[in-house]
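Labels for the chains are A, B, C, D, E, F, G and H, by order of writing; each one numbers its residues from 1.
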Amino acid sequence: MSSTLARVGILMGSDSDLPTMSRAAAVLEEFGVPYEIRVMSAHRTPELVRRYVESAEERGLRVLICGAGRAAHLAGVAAAHTTLPVLGVPIEGGPLNGVDALYSTVQMPPGIPVATFSIGTHGAQNAALFAVALLALSDPQLAEALKAYRRRMAESVQQKDAQLQEKGWRNYP
Amino acid sequence: MSSTLARVGILMGSDSDLPTMSRAAAVLEEFGVPYEIRVMSAHRTPELVRRYVESAEERGLRVLICGAGRAAHLAGVAAAHTTLPVLGVPIEGGPLNGVDALYSTVQMPPGIPVATFSIGTHGAQNAALFAVALLALSDPQLAEALKAYRRRMAESVQQKDAQLQEKGWRNYP
Amino acid sequence: MSSTLARVGILMGSDSDLPTMSRAAAVLEEFGVPYEIRVMSAHRTPELVRRYVESAEERGLRVLICGAGRAAHLAGVAAAHTTLPVLGVPIEGGPLNGVDALYSTVQMPPGIPVATFSIGTHGAQNAALFAVALLALSDPQLAEALKAYRRRMAESVQQKDAQLQEKGWRNYP
Amino acid sequence: MSSTLARVGILMGSDSDLPTMSRAAAVLEEFGVPYEIRVMSAHRTPELVRRYVESAEERGLRVLICGAGRAAHLAGVAAAHTTLPVLGVPIEGGPLNGVDALYSTVQMPPGIPVATFSIGTHGAQNAALFAVALLALSDPQLAEALKAYRRRMAESVQQKDAQLQEKGWRNYP
Amino acid sequence: MSSTLARVGILMGSDSDLPTMSRAAAVLEEFGVPYEIRVMSAHRTPELVRRYVESAEERGLRVLICGAGRAAHLAGVAAAHTTLPVLGVPIEGGPLNGVDALYSTVQMPPGIPVATFSIGTHGAQNAALFAVALLALSDPQLAEALKAYRRRMAESVQQKDAQLQEKGWRNYP
Amino acid sequence: MSSTLARVGILMGSDSDLPTMSRAAAVLEEFGVPYEIRVMSAHRTPELVRRYVESAEERGLRVLICGAGRAAHLAGVAAAHTTLPVLGVPIEGGPLNGVDALYSTVQMPPGIPVATFSIGTHGAQNAALFAVALLALSDPQLAEALKAYRRRMAESVQQKDAQLQEKGWRNYP
Amino acid sequence: MSSTLARVGILMGSDSDLPTMSRAAAVLEEFGVPYEIRVMSAHRTPELVRRYVESAEERGLRVLICGAGRAAHLAGVAAAHTTLPVLGVPIEGGPLNGVDALYSTVQMPPGIPVATFSIGTHGAQNAALFAVALLALSDPQLAEALKAYRRRMAESVQQKDAQLQEKGWRNYP
Amino acid sequence: MSSTLARVGILMGSDSDLPTMSRAAAVLEEFGVPYEIRVMSAHRTPELVRRYVESAEERGLRVLICGAGRAAHLAGVAAAHTTLPVLGVPIEGGPLNGVDALYSTVQMPPGIPVATFSIGTHGAQNAALFAVALLALSDPQLAEALKAYRRRMAESVQQKDAQLQEKGWRNYP
């Protein structure tokens, strides 16, 4: 997790987003992808975000994963400061339960894309898997690990199905 | 409209927002409030926005009006760089017709407020009237002009009602 | 909190809104801004609201913060009776969870602006900070206090980030 | 249509609502129910609304029909000033197309009911029919007229069906 | 509560709606208005609904209050079978939390009005108050009771406000 | 199209729904499935609907397709009166553009299913294809016709793709 | 429940959907309709889904019931691989609470219908009842069982009503 | 545009999506990135999609851009058949105007990510720019071209602003 080697930067606007964004970190660790995980706010610490993002490429980062809730500007602000791929995770919660964060993240104007994933923990996990897929384009070992991950997922579904067939739904699991 | 004297800065993310945001300019002119009107994008020209907003207070601006559509980050980004009051106008249009811009503008995190107004031209007009109300707090002449504006609005409603009573709804207007 | 000196009036439609609106009061106290906090309903006590709002300016109030839920008419009704700046806080809750209150507060017709903030407690806190920003326009000490508040917020984010870096996400906080 | 005899008061917040609200007037005329139709705004002419509504009962009005769009407060404000039945018509239009007006009209707090009808012209027509139904409770002739109206509607549906059967859908109408 | 004298019929589609609809019953009892409260479903017992509604007028009922959730057809089906005023209460709950019931109840086609009230218990209470207002049109004693109810509501708000002023928000209630 | 032989009944609440529902008729004709197409309203002609639906099974109908807009009760009311499969088509249009009709049609209570299809013409076409699929369960010739229809659709997609490859997107079609 | 005899296939994308989809199984058991219940994912095990669905018809299945949440593609993917009737159940849950699953299931393009039912357990129950209705078209005994089920439902509503009349709402149940 | 060299595959579910998806093609051409553009439907030609996607990696494709409307399953189905990065573009249009396509595309379950972009043409353009950013991670020339594209965008905004300052808003453009 040493930041000198990090290929992926995980940013979140508040430490209250950590339960969601740590899912991204866990996936990256599972694949052995070095990453940084940082709390910085597009609104409360805009200069920190700018400096972090502007220097990301030369520090060796290849992709940024940004999670934020409500008026979720973090991913868009990051994308404004770099041409690296920026992945956005709308955080679940608040009175609109993340639909505000989804719209604020995905509806970017032409020219500055943010690749957006599911609202909440599913999105954090998927953004990390997508980051792995990006890095795998030039890393055959990682590509193979990703394919193996898919196979394990498929096997897990099949095992659950087998268990359901064996026990019947009344006794499952 | 000389920018050296401007008290209000009107910002928009794209010149396609001008038909909406010019309504704010027209209101300010009606009240004789000097203003600037600028096109700058939180995503495409983030440094311009930052420098403009950071210098706004010392250049004599007292309030900023920011209009943007879809993932409307402009007002939030401006608010991150100043403690001046920031007014946000969600621009109408696009597939979600401004509900995305409304959520992106109003749902700001605690600590960095954006005062948000109606979606579209109504919002631009009201943001400008609100800016006048702010300035009127320390400008009795402006305060009186605002009260007169209200009276004229009320009279206009009454005249329409009188005309409706006179002509009947089948012949109105 | 003596009402003779109050610069800000906080209104709410029901005492059930107090857990939200007291956040606005707490912010004003933190900045030493004198305020009033009142329960009055646009629907159940319309005359009280009218008299309160119509006399607000001459009693020395400079800005009103109005919180209401569902068909949230309080801010709009207040704005109809004064040219002082009116700030609206859509209260969270009910079956639509505040999206009704947001629309009822923000979508004001042209001529009668209501500056609207986030749904729920975030909005109450931000409306109060915005009120401080308004008053700070003619109060350099308050302006400085607001800037200091922003710096403290930024430092708090940075401390959390530092703690996250030190402990790692598995052990945070 | 002489207002001295009016039993129903039709109010709208703006003359731009007349194409919708005139549908209510047309229905009342069809049933021979005397009515008034007035333009007055809860936000721009709150005192007019208050005086009109407060005096409605003693002037002989039995029911009020209020149409307004966006942050549609007119019906709620009227209901706050009278115990007469108040019917609300959310006006279609604007960026949210009337869903804002619907929520602002229907989501009234406990104690002050507004009977709400469909968004747009359908709602204006139905509010008027509902007003007729109210008055018919103590007017047997009107009750019979309402039943006849229903029968005519049913016959019209049946005639269209007969025509469709006769011509086939390719040649209809 | 003897049904031979009932002036108001309260219908609900399922006994699971009783916690909501009993609020309507409680209001009617408070005003001494005789009523019936019945469980019958537009979908599961359509013939019961039809017979109940068709005979309502001649049995002396003057108004129907219908509560239903999700695809809430009960009020509309009732309205199709009578020219008595029909009041609809969208029941809160389910995955869409009542917005489905609101749309199903309020968006009636032209010709068959349903007067719709707030989603959930607020709506049940308000529908009953509206029924009282209807009956009060020809019952001066009831009209006076309704005005007294309003005054008590206003006093209750004022007492809460007084208590808040006395104790301060930190110690309320 | 003789109704004595009809296997499918197409119902619509208003002749204004014919441009949508005729798409269902066209599909059934294409497959040679005899059908009836009728205008009858759950709200304006409830008795007609009831008698039609209650007699449907013994007259040989096997499935009903019901199209209605806004508070779309027709499919639900039909389903209440028969155990035949009822297919619902939410009609597009009105201020909520069919989302009201979708919720009113699909969110049926447990016990009385309505099989719901896409909003608008796509839904009418798909409901008819689904009716064909139902009938095909006991009609091998129809089953084969349905498979052939699918193949033609696939070929059409492939031809369009081939044309796009040949001409390039700048010259397509 | 032996799969060799199954007439209905119940599919779900994840075993977390079992509490919902087991409601469909319970209904089928109540009617004595043999069925299979399987966990397989359109995204994680697409080949399993394809092979299962493509072979469904020849293995004797007559109808498929597919439940999935969020971006609920399972029913649509199944429908792409068979001309058997496919019934879709949008699973409740997640940040959008099933409205995403509803749209993903019901808004199918022309040519590939998915019959969609209520969000959540109501939908699972209704999809199974609809499957019974389909099978009942060629099974008079099943048709009679379905009519009896309806009668029992009606009686249950009537018993609850009778109990409510007897006890009064204050003592119910 | 020779498909033997293609690095990006653009897929759309229907040729009616071409006006949107051709925007992605235009961007790729501007950057000199070879691509394929194909019409194939997840629902009407599922086998074509499967074979295309499964063979994509070995044919040299590095990223897929999938556009689909309404129940937009194409991107999700593609993602199920490859570990290459899949970018999703929700097509604007239909009664829900693309919000259905957004939810169907973005709300993918954990394990199978789809990187989602804005609804409509903005999304097509941004997905292509994001594809360029991915390829630029291992292509310094492309990385420089992307940075130049950003600079030109910024200059274009500045030129529009300069023109606005010169002409004033009344004469713009």
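Keep this in mind: a contact is a pair of C-beta atoms (placed from the backbone, for glycine too) under 8 Å apart; a residue touches a chain by one contact, two chains touch by 3 or more.
In this text, all values refer to a predicted model and were calculated from it rather than measured experimentally.
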{"item": "Mutual neighbours - chains that touch chain F and chain H alike", "value": "G"}
{"item": "Chain whose mean Cα position lies farthest from chain F", "value": "C"}
{"item": "Of B-C and B-D, pair with higher C-beta contact tally", "value": "B-C"}
{"item": "Distance between the centres, which are taken as Cα means, of chain H and chain A, whole angstrom", "value": "20"}
{"item": "Averaged-CA centre spacing for the pair chain D and chain C, given as whole angstrom", "value": "36"}
{"item": "Averaged-CA centre spacing for the pair chain E and chain B, given as whole angstrom", "value": "42"}
{"item": "Between chain D and chain H, centroid-to-centroid distance (C-alpha), Å", "value": "48"}
{"item": "Per-residue multi-chain contacts in chain F, two or more chains", "value": "14, 41, 44, 70-71, 94, 96-97, 99, 106-109, 111-112, 114, 118-119, 122, 150, 153"}
{"item": "Contacting chain pairs - touch in the sense defined above", "value": "A-B, A-C, A-G, A-H, B-C, B-D, B-H, C-D, C-E, D-E, D-F, E-F, E-G, F-G, F-H, G-H"}
{"item": "Contacting residues of chain C [partner chain D, same complex]", "value": "13-14, 41-44, 46, 50, 69-71, 73, 76-77, 79-81, 94, 96, 99-100, 103-109, 111-112, 114"}
{"item": "Footprint of chain E on chain G - complex, ascending", "value": "92, 97-99, 118-120, 122, 150, 153-154, 157-158, 160-161, 164-165, 168-170, 172-173"}
{"item": "Chain D to chain E touching residues, read off their complex", "value": "62, 83-85, 87, 102, 106-119, 121-122, 125-127, 129-130, 133-134, 136-138, 143, 146-147, 149-150, 153"}
{"item": "Touching residues (chain side chain D, partner chain B) in the complex", "value": "1, 14-15, 18, 22, 25, 37-41, 44-45, 48, 70-71, 94-97"}
